[in-house]
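Pasting a structure below so you can have a look.
The first chain written gets the first letter, and so on, giving A, B, C, D and E; residue counts start at 1 in each chain.
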Amino acid sequence: MINRKLLIALLAIGLLAPLAVYPVFLAKLLCFALFAAAFNLLLGFVGILSFGHAAFLGTGGYVTGWLMLNSGLTPELAIIAGTLAGALLGAVYGKLAVKREGIYFAMVTLALAQLTFFIYLQAPFTGGEDGMQGIPRRALFGLIDLSNNTVMYYLVLAIFCFGFWLINRTIHSPFGQVLKAIRENEPRAISLGYDVEKYKWLAFVISAALAALAGGTKSLVFELASLTDVHWHMSGEVILMTLVGGVGTLFGPLAGAALVVTMQNYLSGGELGNYLHIIMGAVFVICVLSFRSGIVGQLQKFKRNNF
Amino acid sequence: MNASHREKIRINNLHAFYGESHILHGIDLTLMQGELVTLLGRNGSGRSTTLKAIMNMVGKRSGQIVVNGSDTMPMQAHRIAHLGVGFCPEERGIFSSLSVEENLMLPPTVRSDGMSVEEIYQMFPNLLERRNSQGTRLSGGEQQMLALARILRSGANILLLDEITEGLAPVIVQKLAEVLVQLKQRGLTILLVEQNFRFAAPIADRHYVMEHGHIVEEIAASELQQKTELLNSYLGV
Amino acid sequence: TTDGKVKIGVLADMSGTYADICGPGCVVATQMAIDDFGGKVLNKPIELISADSQLKPDIASAIARRWVESEDVDTIGGLVSSAVTGAVTQVTNNSKNIALITGSASNGFTTKACSPYIAHWTYNVVALANGTVKTMVGEGKKKWFFITADYAFGHALETVSSNVIKANGGEVVGSVRAPLGTTDFSSYVLQAQASGADVVALANAGNDTVNALNAATEFGLTESMDIAGLLVFSQNTKAMDGNVAGGMKLTTGFYWDLNDETRAWSKRFKEKHGEIPSMAHAGAYSATMHYLNAVQKAGTDDADVVMKQMKTTKPNDFFAVNAEFRGDGRMVHDMLLVQIKKPAERKDEDDIYKVLKVIPGSEAYNPMLDECNFSR
Amino acid sequence: MTQDHILETRNLTKGFKGFIAVDDVNLNIRRGDIHALIGPNGAGKTTVFNLLTKFLQPTSGQILFNGQDITPLKPAAIANKGIIRSFQISAVFPHLSVLENVRIALQRQEGNSFHFWRSDKVLEHLNDRALELLKSVGLESFAHSVTVDLPYGRKRALEIATTLALEPELMLLDEPTQGMGHEDVGMIAELIKQVSANRTILMVEHNLHVVSKLADQITVLQRGAILTEGDYATVSADPQVREAYMGSEADAVEVAS
Amino acid sequence: MSGLLDINFFALSGQLLVGLINGSFYALLSLGLAIIFGLLRIINFAQGALYMVGAFAALLGLKYLSLSYWQALIFVPIMVGIFGMLIQVFLIRPIANQDHLYSLLLTFGLALMLQGIFTHLFGSSGLSYPTPEALKGGTRLPFMYLPNYRAWIIAVSVVVCGLTWWAIEKTKLGAYLRAGTENPQLLQAFGVNVPLIITLTFGFGVALAGLAGVLAAPVYSVSPDMGSNILIVVFAIVVIGGMGSIGGAIITGLAMGVIEGLTKYFYPQASSTVIFVVMVIVLMIKPSGLFGKEA
């Protein structure tokens, strides 16, 4: 189970961080951490690699953004709607994808995500290449004005904590037990009468919904939703975050997202912008070759061996 | 030089590992030409690992393995096969993307005097009947036959056989015993891993008993009678 | 921020399709302006930073946000690709920072999306259409087909041009939208070929234009139809096969070889950058210079005050000829209708255009919308 | 009448591209029996199992379970009806504890397996029942070990305990003693005997010792069709069975048993 | 026939032909992927990047080494193939025993790196490669003007794909490849030099991408992201055809090009999605793909 002290320490850092760091950056980091954690629920705890999670991130962003632009909804309702939209898309894609395993699953999700990308590229409401610009943040519950970045950040922090809690709960639930069994020995789970596809499907939907939650939140933070969030590079990035942080660990996605987002931020502004992809690619290669358990995984190993 | 006294396999102080786990702890054994020797032991005692170690199919090995006079420690698996070694794994290893006949023809001929396809089909008529079906569509027992037939065709003269009677009907098991005796008479050398002691006892020249990755006993066919007690205590009969 | 210290951020396409048009060159031009100005304003050194927008609105928006919110950037220049510019101006309008648009073409920044913090320099789609399209329709090319870049700029260029065509008695027989950065235009060219048009208009820019023209040549389109490149920068012209492109007419806001003044500046630019300047490069210099002058004169870097100052003084340099910086943020100046020279007519590789006529700013640009007049 | 047959097949047939693997088989399995299916390799035994559990679709024929036609059901539905199959290869969840292995099976009847919002503490009340099951196969002292570390024979025992958790009316065992040493064969045979107490077992087995010791009724298949049926004495006396399947092994077993 | 109908027919045939040309690239690339996947069970994400490298190699060869198009057609695939073999030996082989997903991620990282490096060196804007003299010009078909070079692409692709299919499905080498896919260790124990076969096959699959790159250079502008754009489409094609099926990859590649062409005619907005829509439909009906084996 989770280490209580560590949790409190992290929460304290989360609450105090905007004093020291640009809040929009922190909010972005948490959005990606949530996205990666949602992704990790599938890869780390069901053992399936989705290569199309950007589709859900993007859908959450577009739906939330569209509602903020075109309806009088308050932000929390728009975010919930975005999350539901992601869940719905996840339900459909999950239905198609869970029939296949391993690499096949990865390919199918990738292709479905690309389908989504092209639809969003063409659909008039997304603004195509221009993106959906000028999404207003408005006021939470109609009361708390979100235009201040710090206030916005605390909303993101709350959403992140909720998502994180839900994932942790899912892993340690009766449902999570069955997922574990499926990952261990799928044919045996079937023979015990578990309809494995349904379990994988539900996990997929939960993961998609949380990814969309991250996307919807992100669109408010940046007041913009764009094709970048649906592009397959984004699906790759979330894998990178999870891999770097530690697949199948609870805090891995957080650590991975922090590292990758910081790196991107640092590189994208300056002269090193050109190297961004090279460095990311190299990190990928290094992780796969010699660092498969990721930062958190390595720390855990270290702790096990030394304490 | 007396052919039947030629040493075909000699293993000295063999250690083998799967990843971190140390499975074989210093095995010594020798096989002379024309001998049929069994490896007995309980599940997990390391018999299959010994065969795989000879084929260089385990994670890491140390010690010495000499096949037909050549030191095979530095060799890759395919080179070892070309010394005339045929391996029949316990999981059978039938290729599902190949037909039965393709499976049969797959191993490259390592020596010229292998059995002909006709002889093989005669021995295993089931295979003839199903020869165009997909390899893994065969029944469990048929797959076992195919796995054995495959290496008989390649002409290997040192056979490493892992639980070949597993899942076979009693009649076929009896027939297999006859086949092995025939092969022995042809001068082939056979290292047999078996659970089915009743099958192995009458045809083997010697038995090695393994436990926890060690060879704990060597029993010649002639001593079998007097050492039955001991053997039973090792095998838990 | 009004801290009395001027920091200019150049957000441009450092490595993409528009990199040659307004990428590192725009940084060079801006730096030239700063240096020519003396490197200091209000007694403090002028700072310049730059970043790659990667032509992605979200990336550009995030960078702009960070610049103005946590890095004290006063003004963002460069700005090529309307999608990027749209996203960046969302940020700068909110934060009350000035955007000096030197590379983008959409006329939306001084109409639908106009704001008191926008300065749209170099050119826009209206000026392009009024130059090239009007001229060709006048020559009797009545039926038009569009191959349009599928984003804000392309759409705007197509709409504006279509209006010009219709207003002058022409007809639009079809159009097709190609994603930004398309490399194989063959299927679009086939559609154009089947349309029976007189002119195929390329409502795109940069490499898209070059690639489309190549495909048109390959599939024999040029044998039966005219091609009009609606937005062609000098770099693109140099990249095109002169035998194919020679004779094509186009509109530009600047040509290096127009007069002694332009030649002098362009020579200096080429020494620094290795290439002759595009109109966006010249625009970036001109806009920065005008901005810095206004800061100096206003004695503050407060955006509202500076903008007011910019609008009261007429820009006037080698680029901004007969110019006026209007209340809506539009910098109106003389445009040029030029014709691409055939290889045989060229003295050297930089000798690419024959200037056909000077289009006065008032003819090239639409009049100001009342609701967008922020000069008060 | 049929009431005392738990499972019947009527003219069950399965063809693979012109090859008939199961040919017009009418099985009648009495409630409470240990029923063995034997026959030469390739006779169609595994295929029959696959048909009964719907891993394969019959070409024609019917399967009746407790008098009810279950031919159109899906594999999971068959399992829910109470027909549970064990696999030839050891089927456990290697990195779960022994207790959890059994609990996963018990959990299925709880109806909370999709509850992702509840803590898995709600499963703890199953522990007692799980321990009871482990005890019945002699594994209670291993309850908290990780399953991978168990010896082979113990894994098979665990698998049986897991299967029992589903309270199957009918257990299908495909070669339960394959690949086992003597010691384990004895143990598993004993276990099968023990758990057969109030349920029916259908098994495929090549080990004639086990068959002779356990089976109340035997069906011999050959080339997809039923060759003969009866108890061990009847079947082993049949010269056709001897020729096609048992060979002289039949004698050895009789001597031994 | 009315004039209007004529035009439509011409336009349609034209789009189909262009579709076939695109299909040729799809077929070459998905064939390479299918071979590598078939043997190693890994999806080579770097296939697109190596296609790009092939195109750049032709371009740079011309610029700095005066390597003619025809020479490039021979040498570039060899060079890319060798590069691929180095990747296989030094990067993929060490993780061969891990879950195949790791090699997918590894090649994904490689693809990012390659694309990043070329973007850094050459910008992302795209460069052009001249059409070889001998293939300039075109033929006026009744329904369209077919540039000779495009016809050449179709011819090369069909011949290369056909030969490859034959070698894998009909020869002993093919049986080794298929067996090596399933259980390389055992095949090696039978006396086949599996590591060598794997390396060579990987090299060959990658060389096909290099070849496609050279073929593409004169018609598509040579840019660092040319590979990533086409790659995902090729993935979808591989899924539709049935992963690892050699014939499936070829046929589906060509067919999808044509379907794309049809869509461009009837409903151009959907042309970039149509392949993915086909994929969804195929998956619903036959989860293992049109020519895929396992269920």
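Basically, a residue touches a chain if its C-beta (ideal position, glycine included) is under 8 Å from a C-beta of that chain, and two chains touch if they have at least 3 such contacts.
Predicted model, so just to flag it, every value in this text is computed and none were measured.
Minimum number of contact steps separating chain C from chain D: 2. Seen from the Cα centre of chain A, the chain whose own Cα centre is farthest off is B.
The chain with its Cα centre farthest from the Cα centre of chain D is C.
Across every pairing of chains, the maximum count of C-beta contacts belongs to A-E.
Distance from the chain A centre to the chain E centre is 32 Å, each centre being the mean of its Cα atoms.
One simple way to say how far apart two chains are is to compare their mean CA positions; for chain A and chain D this gives 44 Å. Taking each chain's centre as the average of its CA atoms, chain B and chain C sit 79 Å apart.
Among the residues of chain A, those in touch with two or more other chains are 121, 274. Looking at chain E, one finds that residues 119-120, 272 touch two or more other chains. By the definition given earlier, chain contacts exist for A-C, A-D, A-E, B-D, B-E, C-E.
Chain contact summary for the complex, chain C toward chain A: residues 14-15, 49, 51-52, 54, 56-59, 61-63, 65-66, 69-70, 82-83, 86-87, 90, 150-152, 179-180.
Residues of chain E touching chain B in their complex: 175-176, 178-179, 181-183, 185-195, 293. Across the complex, chain A is touched by residues 75-76, 79-80, 84-87, 91-96, 100, 103-105, 107-108, 110, 112-120, 122-123, 162, 166 of chain D.
Only residues 55, 57, 76-78, 80-82, 87, 89, 93, 95-98, 102, 105-108, 110, 150-151, 154 of chain B touch chain E when the two sit together in their complex. Interface residues of chain A, counted against chain C in their complex, comprise 22, 24-25, 28, 121, 128-131, 133-134, 149, 222-229, 265, 268-270, 273-274.
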